[in-house]
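Each of the two complexes below includes chain A, the first together with chain B, the second together with chain C.
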Partner chain A sequence: MAFGNKKVYGGGCMIDAVRLHLQGIKSALAVRMAYRADFFISILIMLIVEAFGPLVTYLVYKNGASLPGWSMYEALLIQGVFMLSRGISFPFFFGMVWNTIQRVQEGTFDLLLIKPRSVLQMIIVTGFDSEDLGKLLGGIVLFSVSLANIPFPGLLLWLKFAALFFVSLVVMFGFGLILSGLGIVWIGNYRVYEIFYSIANFGMYPANIFSKAVVTFITSVIPIAMLGYIPASQLLGRPAEGTLIAVVVSIIFLFASLLFWKAMFRRYNSAGG
Partner chain B sequence: MIIKVEDLKKTYKSYERGNTLGEAVKSLFIRKTKLVEAVKGISFSIDKGELVGFLGPNGAGKSTTLKVLTGILFPTSGKVDILGYTPWKDRKKYVAHIGAVFGQKSQLLWDIPPLDAFNLNKAIYSIPDSEFNKRLNFMVELLEVQNIVKKPTRLLSLGERMKCEFIMAMLHNPEIVFLDEPTIGLDVIAKEKIREFILEMNKQGVTFILTTHDLGDIEQLAKRVIVINHGEMIFDDTIEALKSHLGSKKLVSISTQRPLPALEMPGVMVKNKLSEFNAELELDASITELNRFIDYINSSSTIKDMTLQELPIEEVIKKLYTI
Partner chain C sequence: MAVSVFVGPVFFIVQVFIWNAIYSTRETVTGLTLTQMLTYYGIVNVINYLTYDSSDMDLQWHIRTGGFITFMLRPISYFYYAICQKIGHRLLALWVEFIPVYALFLFVFKINLVPASFFWTSLSVMLSFLLVFLTNFCIGITGFWLTKTEGLRRAFLVLRDVCAGSLLPLTLFPGFIQKILFYMPFQFIAYVPIRVFMGSYELAGISMSIPEVVGLQAIYVVIMFLIYKLLWHLGTKRFTGVGA
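Here is the complex of A and B:
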């Protein structure tokens, strides 16, 4: 074999990045499929856990109580969107969080640094989480069932919804960056997930049930309302107050998280594992 | 010259946590920082096609140096130029040219066959199909792992896995490969195979930098040895020079027909007196010449049998480490 004319691989365009991501998903699925029973049981458990929130909502309405101003299926639609948003982000990029924590703890984070790719791309690619596909499945079911029980939205509402749903993924990405950044310096601490859940859950209810201060916080400080309520209310034709501000804040949130992640990564670079 | 390191320094800040509960609790609030000078200014250069061994006791600064050279860590100060890149500045471009095998950290994926992990690397490095297949087949044959690469990694023996780690690290045709204790925990046969592989790849022009505690690796692979201790470079020369570093010492094992004479003489150190007729000793031939020593023993006790050996490299290293 000739080693004379050396070609250098690595780096590359968008298509290349997508191809890499697909390969990462393929590998991760292969890993999970190695234990088929475990794979299906994990997805099932995930579904049961995820069904808990909507189940409470269902019981509340069945017992005559309600979230003021929202029918049961409207409330469930918000939760469906919330689940859908996580159903896409958790398997496809939010795995960067546990992947970082685990790798930094084991010392295998270094292995990502010797690849000719951005480290962020590497933790996402190697962090695909197939059991979180259960969230996606649950989200699709809940979303479809709720949608079937309300007047079907028109095209314009769908377009607005799609745009805002995309922004919800942007916010999730921001959260992923913050938690992953914490995982770099805060060794072996899976508590970061608890931090995330305890605040993210504000996004699965209509904002008007909260106090004014909370509403301001979840729309214009940390845009948690974007994770479910804002896109869903758009689809329901009852746009939330402060939607535009929330969109702007979401984008700022993304950049701030990116800066935070980079700062944490730099600390790793200069201090080592 | 493809690697040039100048006055490389790395200082860590570490926190003292204490070992009792009380101290640990206290350290939650008040942390004593301690500066650890892991690397205190080392310089060397390496040419294309060299096979250099890095030796040093645990905590000597080998791994830190290796981390800087692979672009994982920023140094505190100093200059590094490898293939025209500064590893920590041009990391992404730079690492496309290098490979690394860590004996203690696996790049394979535990639950799936190595072949799937190779495919992930193919995507990461964007290796074209034809090139990928050519290199894969070549290395699989060389390491004799045709059947192994299709079995789930968790079912492989350590030796089989290590061979696959090498393939993983070299699929993208790196010019320089860093090996961090690549033969740790392997049996003799697996070690042999891996050493053969390294030598073959080296013959094809790949530069290797190897850290190890296995002196067999050093003796069989490295033509040049760099010894690091306490963050400083204390030796940089050929393996032959390393062996003669501590003078022309020989290990002598002797048995005689009549009781041995007194051995308290300059340049002789008795290591093991087995009986009146048998002894193992270390002779420094630069102090007492070999022929004079033999004459002396022979005339007093008549030599029955005698073996002469170079001082084993372990002894040399042990002495270097304790300096």
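Here is the complex of A and C:
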């Protein structure tokens, strides 16, 4: 939950940061619980919306066609991991994107500047999105169903998977920083989400369907493959080429996006709120 | 809007890779060849720029914030206001989004984006334009009864896109679902204009000539218009606004 905060805050305030984050979640949930029925319906709807993603893959396989070299459940597992990664990021820290855009547009971003915590931390903490828990639920369902239909991976594979899955969250955090940074200077533009979705699409499919240049790009330039394909391929026991490079690039990506965010933040101009 | 010029083609590139991989082991999938499949996705992409609609969101926003009250006092109807706004937006999209992406598909991706019959295609796209507007407008009208409808709206949009064939060709669905989809109005939003563009119509094993299917599309537009009239009548009766 506090993956993000650790990066922002060295070690010292770790417990404090976690406590703050939990407080943010608690108050966001309290607000949402005012309309309890709407909350549960929204989560359910989010779950259904998410289910349409793998639908195409399912239909392709049901029609007797396939992604060469991958069984249906292997392909679905990659998409399950992708959804799981988003399911954790979106509610717990990716909310910083819409939170920044909304606050900058409304003028309430200024309020965070005078809080006794770093602005980045406040943006994450106040951006908890309970509705997106539906994504997490969808991810868990798809992941479990696919896993039940392939040979069960051994402990070592699970450990490797867990490590790489963590890196996928690091990459998501990097994307969050970039989009949030864009939100500071690109006023009111929620379409940054569409840009992200279109690019992230490349991480949902086995890399061998892409051309050599694209594979190099999504593993060693912007580690999009890390969002789904690379962790999933470990679990399937068919490790992706260039996994190690992708891990290193992911870490660099995180720091680069942090620098980007800070640069954008320095350019912030208040319109007086 | 310029964002679309990036997003649309990037989504399309992913589709190109996926379908190339799928077709590497076989000639056709549900009767469509690779070229036809990519043409399908190419057409979906460009037609969407011409028919895209947000009247549901706008109407619900006006109802929730109470801003709707000012429209009740104006000498033109909200319907007229909304459709004129849409026409304006889409005319802008025509040269900001449609033309650049069309050129990109035609010259860079070498997708054959030349309609089988220019007359029937433009007629069908125009009808689809109206149909998208009317269905979305009706969803917007539900705001008179439901206060917070964001989730419901999103679910409907996904359902609409799946049933309309905007996300995948309807022929990929199992036979009995195709039969259900055939009798639903959604196919006239995307699937029909695309097939008219390609020059042949077929769904659930039923083939129709182009004039027939466009005629059917026109009938659905009229039906949708009547549904809108009814819902609007019931909804505005319910509406109460204070201040604003």
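One rule holds for everything that comes next: the second predicted complex is superposed on the first by the 256 of 273 C-alpha atoms of A that agree within 3 Å, B and C clash if a C-alpha of one lies under 4 Å from a C-alpha of the other, contacts with A are read in each partner's own complex, and residues count from 1 in each chain.
Assume a contact is a pair of C-beta atoms (placed from the backbone, for glycine too) under 8 Å apart; a residue touches a chain by one contact, two chains touch by 3 or more.
Just so it is clear, the structure is predicted and the values come from calculations on it, not from any experiment.
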For this session: Scan A:Tyr35 for contacts with chain B and chain C and give back first, second, both or neither.
Result: both
For this session: Using the superposition on chain A described above, determine whether A:Val170 touches chain B (first), chain C (second), both, or neither.
Result: neither
For this session: Identify the partner contact of A:Ser27: answer first if only chain B is touched, second if only chain C is, both if each is, neither if none is.
Result: first
Exercise. Is A:Val49 in contact with chain B, with chain C, with both, or with neither (first, second, both, neither)?
Worked result: second
For this session: Applying the touch criterion given at the start, work out whether A:Ser270 contacts chain B, chain C, both or neither, answering first, second, both or neither.
Result: first
Exercise. Counting only touches as set out at the top, which of chain B and chain C does A:Leu235 meet: first, second, both, neither?
Worked result: neither
Problem set entry | Partner chain in contact with A:Phe202 - chain B first, chain C second, else both or neither | second
Exercise. If you lay the two complexes on top of each other, which residues of chain A touch chain B in one and chain C in the other?
Worked result: 35
For this session: Sort out for me which residues of chain A touch chain C in the complex.
Result: 35, 38, 41-42, 45-46, 48-49, 52, 55-56, 59-60, 62-68, 131, 189, 191, 194-195, 197-199, 201-202, 205, 208-211, 214
Exercise. Within the complex, which stretch of chain C touches chain A?
Worked result: 3, 6-7, 10-11, 14, 17-18, 20-26, 29-30, 148, 150-152, 154-155, 158, 162, 167-168, 172-174
Seminar exercise, completed: Residue positions on chain B within touch of chain A in the complex are 12-13, 64, 67, 70-74, 88, 91-93, 95-100, 102, 104-107, 109-112, 116-117, 119-120, 122-127, 131, 134-135, 138, 152, 172-173, 175, 204-206
Problem set entry | Interfacial residue positions of chain A with respect to chain B in the complex | 1, 3, 6-12, 16, 19-20, 22-24, 26-27, 30-31, 34-35, 106-108, 110-111, 113-118, 122, 125, 269-272
